[in-house]
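Note that chain A is present in both complexes that follow, paired respectively with chain B and with chain C.
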Partner chain A sequence: MADPLKQFQIEPYVPILVGNADLSFTNSSLWMVVSAGAVYGLVMLGTRHHAMVPGRLQSVVELAYEFVADLVRENAGKEAMRYFPAVFTLFTFILMGNSLGVIPGIFTFTSHIIVTFTLAMGVFLGVTALGFWLHGWRFLSFFVPPGAPKLMIPVLVPIEILSYCFRPISLSIRLFVNMMAGHTMLKVFAGFIIALGIFGVAPLAVNVALTIFEIGVAFLQAYIFTVLTCIYLHDAIHMH
Partner chain B sequence: MGKLLSIAGLLATSAVGLAIAAEDAAEAESGGLPQLDVSTYPSQIFWLILSFAVLYYLLTRKGLPRVSEILEARQDRIAADLDRAARLRQEAEETLRRYQAMIEEAQARARTLLHAAQERIAGDFAARQAALEQELNEKIREAERRIATAREKALGEIDEVAAELVQAAVQRLASLKITKKDARAAVGRVAGE
Partner chain C sequence: MEIEAARMIGAGIATIALFGVGTGIGHIFSTLISTVGRNPSVQQRVFPYAIVGFALVEAVALYALLIAFLILFL
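Presenting the complex of A and B:
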C-alpha cells in the first residue's frame, strides 16, 4: 500500500541553486505557476470579447469579480476597495490551487504549511503595516478593548496582542490542515480500492463522496482565507 | 440486504483502512512529514512569491481593469437605456397631452360652428315667417279694401238702381214722370227710415 503522505513529497524538477539557497523548480512550483497562469488565462479568455451580454466564461469571470468585490465591500468597507486587486489575487490563487489539487495526480501546493504561512504572513504584515501607515502610533490603541475597566488594561492588552499575533498562525494552519487532511483521507481510501478486489467498490464510493466534499472544502477554505483577510483589512482601516 | 452488506463492508474497510493508515503514518513519521522538511522551504517561498507577484501584477495591470471596464460599460449602457426610456415616455405623454388638447379644441370649434348654424337657421326662419306674415297681412288688407270699395260701389249703385226702379215703377203705375232727383230723394228718405 502506498504511503498516503507520499503525495505531499516535494520533487525537484529543475535544480536551481542560488548561493546557499535551494530554489529548485519543483512539482509544487509547477502547480503554483500553472495556477497563476490558469487564473490569468481564464480572466483574459473570459473577457476577450468585451461582450455586453456575457457568454459562459465571461459570466464566470464577472461572477468571481463581483463575488470578491462584494466580499471586500461587506467585510472591509468601501475604502478597502483600493486593495481589491490583492484580495482578488489571493482568493483566485488559493481557489485555483485547492481546486486543481482535487484532480488526482496534481500536487496541492496549499497543503504545505510553509506556503499557507507565507501567504498568511504576507496578509498579516501587509495589514499591520497599513494600520500603522493610516493611523500612525494611534494604531496601538487597537489593542485596548473599548470600554474595558482601567484596572484590567494591563491584563487585556497582552492578550489582545497575543491574539493578534496568532492570526497568521490560525489562518495558515486552517488552510493547510484542511487541504492535507482531505488529501490524506482520499489517498487512504484509494489505497483499499485495488487491495479489496470486488469489495473495493465500497472505498471507491467513499472516495467519490469525499471528492465531492473536497471540491466544497477547496472553495470554502479559499473563501474563509479571503473573508478573514477582509476582516483584518477592516480592523486596519477602521480600528474596531 | 444488499444495502446492509454494503454498509457492513464499508465499515469493515474503514476500520482496516484506519488501522493501516495509522501504521503508514507511523512509518511516514520515521521519514518525516514532507511538510516539515525545512530544506524545501526556500524553494516553496520563492516560487510562491514569484507566481503570486506575477499574477498580482498581471491582474492589476490588465485582467481586472478589463473586467471592471466591461461591468462599467454595461452599467452605463443600462443607465443610458433607462434614461432614454424615461425620455421617450415623457415625449409620449407630451404627445398625448397635445393630442387631447387638439381634440378638445376641435370639439369646441365644432360646438361653436353648430351653435352659429343653429342661430342662423333660426334667424332665417323667423325672418321668412315675418315676411310671409306681412305679405299675408297686406293681401288681407288689400282684399278687405277691395271688398269695402266693392260694397260702397254696390251700395251707391243700389240707390241709383232703386231710384231708377222707383222712376220706372212710378211711371208704370201712376204714369207720372218724376225726376231722377226726386226719386233719389224718395229712396233716400225711405232708406233713411
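Presenting the complex of A and C:
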C-alpha cells in the first residue's frame, strides 16, 4: 500500500535559490497561482456584461459577493465594509484552494501549516494593528472584560491576552488539520480498494461518501475562517 | 519502556478527547432539533449557527488528532 502521506510532499518545479533561502516555485505555489487566477477569471468573466438581469455566471459572482458582504455586515458591522475586499479575497482564495484539492491529483495548498499559518498571522497582525490604529493605547482595555470585579482583573487579563494570542494558532490549525485529515483518510481508504479485490466495493463506497463530505468540509472551513476573521475585525473595531 | 511503545500508548490515550467532542456535537444538534421542533419558522436563522458550532467543535477533535500525530511522529 502506498504511503498516504506522500500526497503532501512539496516538489520544486522551478528551483530558485537566493543565497541560502529556497524560494523555488513549487507545486504548492503553482496551485496557489491557479486558484487565485481561477477566482480572478471567474469574477472578471462574470462581471463583463454589467447586465441588470444577471446571466448564469454573473449570478454566481453576485451570490458570492452577497454572501461575503452579509457575513461582514452582520459579524463586523457596517463600518467594516471598508475591509470587505480583503475578506472576500481571503474567502474565495481558501474556498478555491480547498475545492481544487478535492479533485484527485491536485495538490491542496491549504493542507500545509505554513500556508494556513501565514494566512492566519496576516489576519491576526492586521486586526491587531487596526485595533491599535483606531483606538491607540486604549485598545489594551479590550483585555479587561466589561463588568469584571476590580479584584479579578490581575487574574483575568493574562488569561484574556493568552486567549487572544491563541487565535492565529487555532485559526491556522483548524484549516490545516481539516484538510490534512480529510485527504489522508481518502488516501487510506483508496489504498484498501485495490488490496481487497472484489470486496473493494465497500471502501469505494466509503470513498465516494468521503469525497462528498470533503466538498462540504472545503466550503465549511473557508466559511469558518472568514466568519472568525469578521468576528476578530468586530473586536478590533468595536472592542467588546 | 522503549520510546516507540510509549509513543503508541500516548497516541492511543490522546483519542480520549473524542469523548468530549462526540458529546459536544450531539448536544449542538440535539438543541437544533428541539428548537426547530418547537418553532419551525426559525430553521433558516438557527441553522448557520449550528453549522458554525459544529465546525468549531470538530476543530477540537482535530486538535486532539494533531496532538496524537505529534506524539506519534515527533
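Some points to look at:
FYI, the second predicted complex is superposed on the first by the 240 of 240 C-alpha atoms of A that agree within 3 Å, B and C clash if a C-alpha of one lies under 4 Å from a C-alpha of the other, contacts with A are read in each partner's own complex, and residues count from 1 in each chain.
In this text, a contact is a pair of C-beta atoms (placed from the backbone, for glycine too) under 8 Å apart; a residue touches a chain by one contact, two chains touch by 3 or more.
All values reported here derive from a predicted model rather than from experimental measurement.
Contacts of A:93 after superposition on the shared chain: chain B is touched, whereas chain C is not. In the superposed model, A:44 makes contact with chain B only, not with chain C.
Contact with chain B, but none with chain C, is seen for A:36 once the two complexes are overlaid on the shared chain.
When the shared chain is aligned, chain B comes close enough to touch A:196, but chain C does not.
When both complexes are overlaid on chain A, the residue A:168 reaches neither chain B nor chain C. Of the two partner chains placed around the shared chain by superposition, neither chain B nor chain C is touched by A:101.
Looking at the shared chain after the overlay, A:224 reaches chain C, while chain B stays out of its contact range. By the touch criterion defined above, A:21 reaches chain B but does not reach chain C. Chain A uses no single residue to touch chain B in one structure and chain C in the other. Across the complex, chain C is touched by residues 170, 173-174, 177-178, 181, 220-221, 223-224, 227 of chain A.
Partner chain A is touched in their complex by these residues of chain B: 6, 9-10, 13-14, 16-18, 20-21, 24-25, 27-28, 33-37, 39-49, 51-52, 54-56, 58-60, 62-64, 66-71, 73-74, 77. Listing the residues of chain A that touch chain B in their complex gives 1, 3-6, 8-10, 12, 16, 21-26, 28-29, 32-33, 35-36, 39-40, 43-44, 47, 50-52, 54, 58, 61-62, 65-66, 84-86, 88-89, 92-93, 109, 111-115, 118-119, 122, 176, 180, 184, 188-189, 191-192, 196, 199, 201-203, 205-206. Considering their complex, residues 51-52, 55-56, 58-59, 62-63, 65-66 of chain C touch chain A.
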